[in-house]
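Same chain, two partners: subunit A is paired with subunit B first, then with subunit C.
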Partner chain A sequence: MATVAKEWREIPARYNLEGSECGNCNRKYFPKRSMCPFCRRNGFGKMHPYQVSRKGKVFTFSVIHEAPDCNRSLKPYAVAMVRTDDGLLISGQLVDVDLLKIEIGMRVRSVLRKLDEDGASGVIHYGFKFVPDL
Partner chain B sequence: MREVAIVGTGVTKFGELWDKSFRSIGIEAGIKAIEDAGMSGSEVDGIFIGNMSSRFINQQHIDALIADYSGMATRNVPAVRTEAGGASGGVAFRQGVMAVASGMHEAVLVGGAEKMTDLDDASTASVMDSTADAEWEASMGLTLTSLYAMITRRLIYEGTATREEIASFAVNAHKHGALNPNAQYKSPITLDTVLRSGPVAEPLNVFDCAPYSDGAAAVVMVPLDVAKKMGVDYVKVVAACQASDTLALFQREDITTFKATTAAAKEAYRIAGIEPKDISVAEVHDDYTVGGIMALQDLGFFKKGDAGKAVLEGQVEIGGKIAVNTSGGLKARGYPVGASGVAQVVEIADQLRNKADKRQVANAKYGLAQSVGGTGSAVTVSILEAI
Partner chain C sequence: MDVGIVSYGAYVPRYRIKPEEIGRVWGADGKGMGKGLKIDQKSVPSPDEDVITISSEAARYMMQRVPDVDPKEIGAVYVGSESHPYAVKPSSGVLAEVIQATPSLTAADLEFACKAGTAGMQMCMGLVGSGMVKYGVAVGADTSQGAPGDALEYSASAGGAAYLIGSEKVIARINKTLSFTTDTPDFWRREGQPYPSHGGRFTGDPAYFKHIISASKMMLEDRNTKPEDYDYAIFHQPNGKFPEKVAKMLGFTPEQIQYGLLTPSIGNTYSGAVPLGLANVLDKSKPGDRIFVTSYGSGAGSDAFDITVTDEMKDYKRENAPTLEKVLENPVFLDYALYAKFKGTIIMPE
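Coming up: the complex of A and B.
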């Protein structure tokens, strides 16, 4: 079982889609990085928190039928890569949707949901998922 | 740098080897390779072993285990374990090539081994999922299969390949696997078998996915000058290249090509001084059918948009334009992860030494092996030449 710290330190990104912006080249990243992979040394120490857009479009998706144990009760469930309105690509689950009506290009927004839990008495993990943006 | 040759190969049967332990399959492949090289084993002064996950058998320190049970520890021969997800074996091979080329070692044994069926399927799948980004892909509910499924959907959406063309990669794999006595699956299948099998992550079905397997493979390498005097069949290693990309698929501009494959291939062709059309036989990483289609394009064998059609038309069968995955590939031969990259090299080396029996490709001069970790985060491309 993982410690609480492992989940706690990722809360800004998991709950609020907080990423990073490079103060040198202005490239944006999700999840956060402590160094811009393009500016490298020149950008080190210049990475700032960046709020990723909560809205976007489905870039591609899949409906999962064979899932890990922690998500067994969700089967079948949808996952997607979403192109956010500010141009980033992010992966997550797509919920509250008719699995037969998901399409590339469909408008979605991020919401906070339960992801999974560490057994019956462990920590419950929360994070973003996507829902149709009607 | 010295030129390097493969002088011996060995491979176990791939499959659900319930009667065999990790240590026994690892040793079996190594002994076969040393026998094939006509050596006693005491010549070996270095071991490199590709092994993906300690979680399958709950054993860290695989390098020491192999050194011990292969009898190399009695001579205190150093052993190194490499891990790069699905490319673990490919990386081990490259480390072995570098060890001999540099002059640091005179005879190395490169092995690849994995024992996956000691763990239940769901747990094994979770281990595979952690070759993607565990924090931002797997933890969010994505599986490795779903990542390849999303690539598949994008390829189809962009008009690069049809669902049928992608599925046909598994038909080719099984056709060849039927000719390989060591393959996990020796039954030919049809397109319908793939398309009508149960969904794993839409649009990918069970028959689009390589199985979980047990198995091991090994090669023995020495300097080319030494190989010439050994009196055994050998092949020359002309290139062993490796490239990296982002860990998470969503951090890429284009998910329908693996830049690590194109980069490693470009370097390999440059070093070998050849072009893709000079390759007669290739083993590519078809952990998923779509991975095979992408490999054919990224390695330059077919233009983007032509690979799927070529596979469906039988152009990658033995006797076709280029023989691809003559061993059965990961799909039909089986996919003991860490063994895979080394087993590919074994197949190419055997093809180039005319030792591939019923699967023999005629007059092959150059062969290529491509091994992929995660969703193309690490890729090795190696080229061998017949002597």
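Coming up: the complex of A and C.
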């Protein structure tokens, strides 16, 4: 049950890339922070939700051949660091893509996919992955 | 008050399998089966896709095309499907969260075999028309099931489309909707069963044809129209053959149904079938076009719609999301082994 509650708290980030922005220096963060490490006490109480762009470019990537159980039916698969159009760096799985055609700089966007499920009777965990942008 | 479609979005997974590949595994004439059903290939969801992810993608495309609509003004979200990932826990709640419409709205999952998507559209029309909500979202989506080796396995596929129903900036006015419903046991799936059962040929005349023809004739009579008054027609499409036949029986031409008939290239997307066909027609339509729609859900019932594309279509940001034609480009074909893995039919260790 601990997992259910933890993931429930993360729904805005997992579904819609909700991060945070410091109201003092306007720096943006994903995942969200409750304190700006640059402004420290000056930013205290000024952090507010920020909607990160769902589009961006592949910054770097790697192809995974030894997968955890949740991804055993998807291997080999790619994981990418994506520079979003508003400048954040986010890592996630890159799917629906020919692994030999992934290039640094290729346009991608985030979509909702199943990340894992707690067996046949447990909860299904949804979250963002990246796909090539049409 | 005009009530109708304010926006729409459509999504189909990129994977495909051909009937001959399915037939190869089961010692059947797959090519002949595909020819008989008029299905060249069918879509297959990726292992990480289900009705919730397909609905989300379609609904996000829908929202991208109306950047001025505040999702918080959506008062109802309905997802129609016969393959909701949970037996108890709504797909519609997840979707409402994904499009950031929560929390001030009503939501529910619908099931009426292949017509739950159009039933959702009717429910949204009622809520909008009565002034209870400003916008309603209706989705028809499925990752449909067909037992391995059964005739359904050659057609059951995956996809869905989402519709934003409202009364402002309506791109396609729904002039009228009506339904024809009976208790006809042509196709069913019991609680806990992984695959549906069907009545074979019984799914034809007393089921599909009777209900579509009855609802369609009721609509033509009510509107005092003839088939030639419509530019496009969309009928439910469990295979490529039935909609062609029902169109002919009603007096619609092959040209009228060509854009709304997607089953030959993606299979039967069940609750997604008519919503996807309508999306493909809206991708190509222009102001003044008149569209005739009749869905069908086993069990059994048909919802008919008389739709007129309005001048608002000129300013509609259709280009903000890919057309269905674009979504269907560059499919990846699977062999049966990969298909079985994608469908989760291989028993894996815990």
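What we mean here is this: the second predicted complex is superposed on the first by the 131 of 134 C-alpha atoms of A that agree within 3 Å, B and C clash if a C-alpha of one lies under 4 Å from a C-alpha of the other, contacts with A are read in each partner's own complex, and residues count from 1 in each chain.
The definition used in the following text is that contacts are C-beta pairs under 8 Å (C-beta built on N, C-alpha and C of every residue); 3 or more make two chains touch, one makes a residue touch a chain.
Keep in mind the model is a prediction, meaning the values are calculated, not measured.
Q: With both structures lined up on subunit A, is it a clash or a fit for subunit B and subunit C?
A: Aligned on subunit A, subunit B and subunit C fit with no clash.
Q: Could you look at A:Tyr50 and tell me whether it touches subunit B, subunit C, both or neither (first, second, both, neither)?
A: neither
Q: Output check: A:Leu74 vs subunit B and subunit C. Expected answer is one of first, second, both, neither. What do you get?
A: Both partners, subunit B and subunit C.
Q: Tell me which partner A:Phe130 touches in the superposition: subunit B (first), subunit C (second), both or neither.
A: Once the two structures are laid over each other on A, A:Phe130 reaches no partner at all.
Q: State whether subunit B or subunit C is in contact with more residues of subunit A in the superposed arrangement.
A: Larger number of subunit A residues touched: B.
Q: For A:Glu10, select first, second, both or neither according to whether it touches subunit B, subunit C, the two together, or no partner.
A: First partner only.
Q: Contact-wise, after the overlay, does A:Ile90 reach subunit B, subunit C, both or neither (first, second, both, neither)?
A: The answer is first: A:Ile90 touches subunit B but not subunit C.
Q: Between subunit B (first) and subunit C (second), which does A:Leu115 come into contact with in this model arrangement: first, second, both, or neither?
A: In the superposition, A:Leu115 contacts both subunit B and subunit C.
Q: Is A:Phe61 touching the first partner subunit B, the second partner subunit C, both, or neither of them?
A: Only subunit B is touched by A:Phe61; subunit C is not.
Q: Look across subunit B and subunit C in the superposition and give the shortest C-alpha distance you find, in Å.
A: Distance of closest C-alpha approach: 12 Å.
Q: In the superposed arrangement, what residues of subunit A touch both subunit B and subunit C?
A: Correct list for subunit A: 72, 74, 115.
Q: Spell out the part of subunit A that touches subunit C in their complex, as residue ranges.
A: Per the stated touch rule, the residues are 11, 15-16, 72-74, 95-96, 111-115, 119, 124, 126, 129, 134.
Q: Which stretch or stretches of subunit C touch subunit A in the complex?
A: 14, 46-50, 52-53, 56-57, 60, 85-86, 94, 97-98, 100, 322, 326-327, 341-342, 344, 348, 350
Q: Spell out the residues on subunit A that touch subunit B in their complex, using ranges where they run on.
A: Against subunit B, the touching part of subunit A is residues 10, 29, 31, 59-69, 71-72, 74, 76-77, 79-81, 89-93, 104, 115-116, 125, 127.
Q: For the complex, give me every residue of subunit B touching subunit A.
A: For subunit B paired with subunit A, touching residues are 122-123, 125-126, 129, 135-143, 145-146, 149-151, 153-154, 157, 198-204, 248-252, 255.
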